[in-house]
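My questions will all concern the structure given below.
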Amino acid sequence: MTNQVLVVGGGPAGLTVAKTLVDRDIQVVLVERTESLGGMARELTCKGLTECRNCGVCFAMDRAGELLREPGAEVFLLSEVVSAQRTGDGYKVKVKSSPRYVTDDCTGCGKCVEACPVDGKAVFAPTGSGQPRIHWIDRTKCLHFKKGKCDACASACPTKAIDFDDRAKSVTRDVSEIVYATGIRAVDACEVSRLGCGTFADVVSSVDAERILNEKGRLVRPSDGRPPKRVAVLQCVGSRSVKNGVEYCSKFCCKYATKISQMMIDTDPELNLDFYFMDLRTLYEPQDEFKAWAKGKKTVRLLRSMPAAVSQGPDGTLLVRAATETDTEVQETAYDLVILSVGMRPHGAKDALAGQLGIGADSFGFAVADRELEKAGVFVAGAVSEPMDIEEAAVRAVATGSRVSGRRRGTQ
Amino acid sequence: MTDRRPKVVGFCCERHGMDAAVLAARSGRQYDASVRVIQVPCSGRVDGLHILKAFEDGADAVFVIGCLEKNCYYDTGSIEGRKRVEYVKGMLAELGIEKERVEMFNAASTNAWAFPEAASKMVEVAKRLGPLDMGGDTR
Amino acid sequence: MSSGRIQVVICRCCTESPKLLDIAKLEAAANDAELVMSVKVVDEICDGKAVVDVAREAAEKEIDRAVVLACHKRDVSPALLKAYRRAGIDRSMVEFVNVREEVVLPHVDDPEGAQKKAETKLKAALGRVTMLVPLLTETEEMRTKNVVIIGAGVAGMAAAEAAARAGAHTVIIEKSSRSVKAPGILMSNTRLVATKGTPGNYELTIMAGEKTEELECAAVVVATGGGWNSLKGPLAKASKDAVPLYKLSEMLQAGHAPKGPVVIVDTPDPTGKSLKVMDFAWDEALMTAIDVKKKHPQTEVFMLFQEMRAFGLSEITYKEAAELGIRFVRYDRTGVPKVDPKDPTKMTVTDLAQGELLSVRLGTLAFAAIPANPDNRDIADALRIPMTAEGGLRRGGIQRWPVATPRPGIFVCGSAVFPKSADAARAEGEAAGSMAAAYASKGTVEYGGSVAQVAQEKCSACLTCIRTCPYEAPYIGTANKVEIRRQLCQGCGICAGICPSKAIELLHYTDDQIQQETRTMLGGDF
Amino acid sequence: MIVAKRKPMNEIAEMVAPYKNITVIGCRSCVAICLAGGEKEVKMAASALKVKNRKEHRDQQFETLVVERQCEKEWVKEVEDKILGADVVLSMACSLGAQTIADMYPEKTVFPGLNTGFLGVPEEQGVWSEKCVGCGDCIIHLTGGICPVARCAKSMMNGPCGGSSNGHCEVNLDIECAWYAIHERLKLQKRLDLIEKVMPPKDWSTGHYGGRRTYVREDARLKQHQKKGKEAVQ
């Protein structure tokens, strides 16, 4: 029988499962939809400056780097599993890879992006700290494909890494087990219309904030690129809300939001920061640790309140309207930047592939796979099955990996 | 002759320190070519003596870069590294040498900005204070 | 004195794109250097043909060490090192210079500076490579396939099952008389006393009842759980019927009706003066409360908390509980729950949501707190693993692996680290158990390489290295001087950097090597 | 052991400033263990001075070496040529080491690189505390193993002074009151009766106040007949 395991999804869970299996001499085929590995983790920032705040982002990205060097792992980027057919005790899977149009010679210098004449660009670097850091071209935007003549990027590239002749590829692999780890999507902050997302440039989602922090090391306002002086962080945007269909608590938002708050204060101790929340659910951290930290900072306030609206004042500042903790009055406070801490939704549990494999979805869209399905060789890992942070996804993925290799021992 | 390039030496840990430098390079980040990196297995390997010897041998600024504290590959190495840097800072300050010339930095493998920022900061310090054997007041 | 026959390899792929450096000049500099017997400029060092070519010339010219100008040493094809090995050159004698990521890519706009930097780096590497000595690696057989699991709770059982599934021989040590069905051997009434040995061959001293026994094992999983039985505080004292949450849940499962009203409080010491609690079993508390309400709808249920940490899908349970009529009362340290000293069945608390003082009758009082397990100290002491200030066991940095401690072969999981729900503890146990089994199944331990070495004549036996080493590698040997257990040394060099007598050197990164490299780097053109 | 601390570098720099050839000598015993004057500190001190010289365009030559025990002539003798060849010696040992060199080579200038502190123990890595003042008449068998002479700021001999409060010393609230500690210790040992025992006024002549002390052990001394070389000649 085949000695390969298919891992669908190159996020923290998928990467950890893959690494666990490769370490046990089991060949892995990893299929990732986007142009680089890391999943959500690559969009997020490391939250430590001097001391580690245990967010786990580096863990996921280090595994991504390792996996790319691993001879036992075959990684398909910009790829999808188009079908999985049961064959005896395994599956025949068909993987379709889209062309990247950039070869491995790319050094990531970014000259092609500069040269690209398309408004909004047609050639991109992987976002965040994604691995590998090789650019890719979006065929639907690129003038070379649309009009058939532009080669601005190709002539700007110092390493001649642009290859317009790159073609889509289709391969089939025989695998014995399939691990489904398609991960999550952040809730779009603009789904909650009252908080000014999409209307005001300086109302950003926590994912955007992390992206800015990851890129620059400090937070700046999108409108003018200047560091903010007054920041509001609003928790539970889209989470714990029946209206958004995200009734559950997304689990990691308190952890990450409190940690980026601490990071912002570390970089700028003068920053005024107001932290609005309903319940403070910092993961794997004593319940009053963040409160004690906030108490020790003169410029930080913790406010137990869910703001009602964000509007713009006459001087352009953002006004957050919120009831006081005891619901006795409503106050408006001015800020330069408002961060909406968004929750998550499972991604891909209702895809055709999931259906083919017999993976179900619950009412929130989380993937459900019972032990019977695992006996048939289909496993679900990571936050597609329930809300979790990177650390927990990694731990559970190791456990899943052990069950995969356990099944293999059983069948051999 | 004061326009000579500043000589900056960085002791860089093989783990997240170097990972951050590599990620920075691959992300197209730039820093001054006068920064020379010496690879050590862990920032805890750096001895205060190595830093002082670097100054003796002509460095204008020295920095150590390691993993984040509490996330060191070798558990406690970067905490030790920082202590060594602090000790050398104290010695230099007692001798009237600007203690800003030596600095400890921490980086995570996903921080593309961390290494270039550390390197540029030290180049800036070295430029501002001038070469060790010329600029600066003797106090 | 420098010696050796050096080969210099320059990879065009890494050094030439983008076009910045004058490779011919680098080649000439290499050719001019002392002891250099061969200079190879190849198009792509990752190309198999180039590797063969390089290795052939290395063998012909009797090369014994090499400098490779390419990219990060991790990314250079492992085929090169293999080929060198066949040509009789140990991997430790090959010095990589990361021209791509340290010179070319970060200095795209400064070809002149980059060229100088590359030349200096080449010079420094040539100097360094002459000072290198081959490193010795050794292997040791693991004497057993045993995986010892400490604690037969939720995490421990999951660990045992996962380890057994992966083919390990499991031995569970449980301090209570609890008997559970588990794979392998279960030793109840047994405690861990001390540990000797090295990774893969740990020798545990255990106390089984009154008897002291020795137990050999390849790996250890610590799953001591939380310290539910160590609950103390004013509320526990004021009401003698107060129980930890799991007792209430056991009672319900056994079919007993709890005396109403049922009050579940987060901690017996709400001011946190005598008992610092890191987290609470909120999942279980909510489920137990629902269980009470469903089985005994007439019983009033109160939950008193400072912060309702109903993570993830527990939020749904929280909602269900509220719909079933369970009363949630949030308080803070200004109005903590108190038991009336005159009437031990009356509890008062300031309900922050309502802003009023609430008086509750106490039928059953249960605590959701999971305090740190007091046994952790003895376990950590015996295994020589670190602890957090709060009394939990501490893992290594997250960059390495989630359930690992800094000591190889020792894994920790569940509430011994930080309070967790049963489900999360089970997953952690499974992860730790499988990691331990994977470690044990390797059968051999490889060690050596770049490790610390003591010059005993210089050692003052000051113990500084022993106190600072994260891995317990240095110890006082028979000569009353420090020796290094090579099996434990991981090569960080903390000891070498701190030794006040300069008696410790880290092989491959000796003081001389580092200082020589620094000097050459600074001696070059800037 | 003897606990010492490096002098501030500026003081050291000032001392050695007028000289060209400086030999820095450390010691592998107590001062190495208390991280003040081992090989590492010796090399770091010399290196730091060289860095300062680089900055100020001054030329000084430093020779660094370490001896096993600088307080003993034989060990010092091993490096005699380095001492005699230097303009000045910077001793990075305790003052005993510095004085040994100074006594052996009276024509040489010897500078202390360390401030010698006290007789103490390492409490934990990096923390040393005083436990004995060398009074020459030990009484800790009566005080539960805790020396009131060293650990009480006033060297009280019969219980605490009026400044003891909640187990702390009035001189510094961070210090434990020695007599409180003695009480607790004796209670633990069930020897509390000892605290009632009145100690007579202490004879301080066995201590430093009796003048410079010399201890002689006749059975250990070499008889005239046993001595070799120039030591045999008075």
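Which chain is which? They are A, B, C and D, in the order written, and residues in each are numbered from 1.
Keep this in mind: a residue touches a chain if its C-beta (ideal position, glycine included) is under 8 Å from a C-beta of that chain, and two chains touch if they have at least 3 such contacts.
Because the structure is predicted, anything quoted here is derived from the model rather than measured.
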{"item": "Nearest-to-centre chain - CA centroid comparison", "value": "C"}
{"item": "Of A-B and B-D, whichever chain pair has more C-beta contact pairs", "value": "A-B"}
{"item": "Chain A and chain B: spacing of chain centres that average the CA atoms, whole Å", "value": "32"}
{"item": "Inter-chain centre distance, chain B versus chain D - centres from mean C-alpha coordinates, in Å", "value": "36"}
{"item": "Inter-chain centre distance, chain A versus chain C - centres from mean C-alpha coordinates, in Å", "value": "24"}
{"item": "Separation of chain A from chain D, taking each centre as the mean of its C-alpha atoms, in whole Å", "value": "60"}
{"item": "Residues of chain C engaged with two or more neighbouring chains", "value": "100, 105, 108, 397-399, 468"}
{"item": "Set of chain B residues in contact with two or more other chains", "value": "16, 25-26, 28, 47, 49, 53, 58, 67-68, 70-71, 108-109"}
{"item": "Touching two or more other chains - residue numbers and ranges from chain A", "value": "52, 54, 58, 62, 107-109"}
{"item": "Contacting residues of chain B [partner chain C, same complex]", "value": "4-7, 9, 15-16, 18, 21-22, 24-26, 28-34, 36-38, 40-42, 44-47, 49-50, 53-54, 57-59, 67-68, 70-77, 80, 84, 108-109, 116"}
{"item": "List of chain C residues in touch with chain A within their complex", "value": "13, 17-19, 74-75, 100, 104-105, 108, 162, 165-167, 272, 276-280, 306-316, 319, 352, 355, 390, 397-399, 401-403, 418, 424, 427-428, 430-431, 433-435, 437-438"}
{"item": "Interface residues, chain B side, partner chain D - complex", "value": "47-49, 52-53, 55-56, 58, 88, 91-92, 94-97, 132-133, 136, 138"}
{"item": "Chain D to chain B touching residues, read off their complex", "value": "8-10, 13, 40, 43-44, 47-52, 54-57"}
{"item": "Chain A partner contacts - residues on chain B that touch it in the complex", "value": "16, 19, 23, 25-28, 67-71, 82, 106, 108-114, 117"}
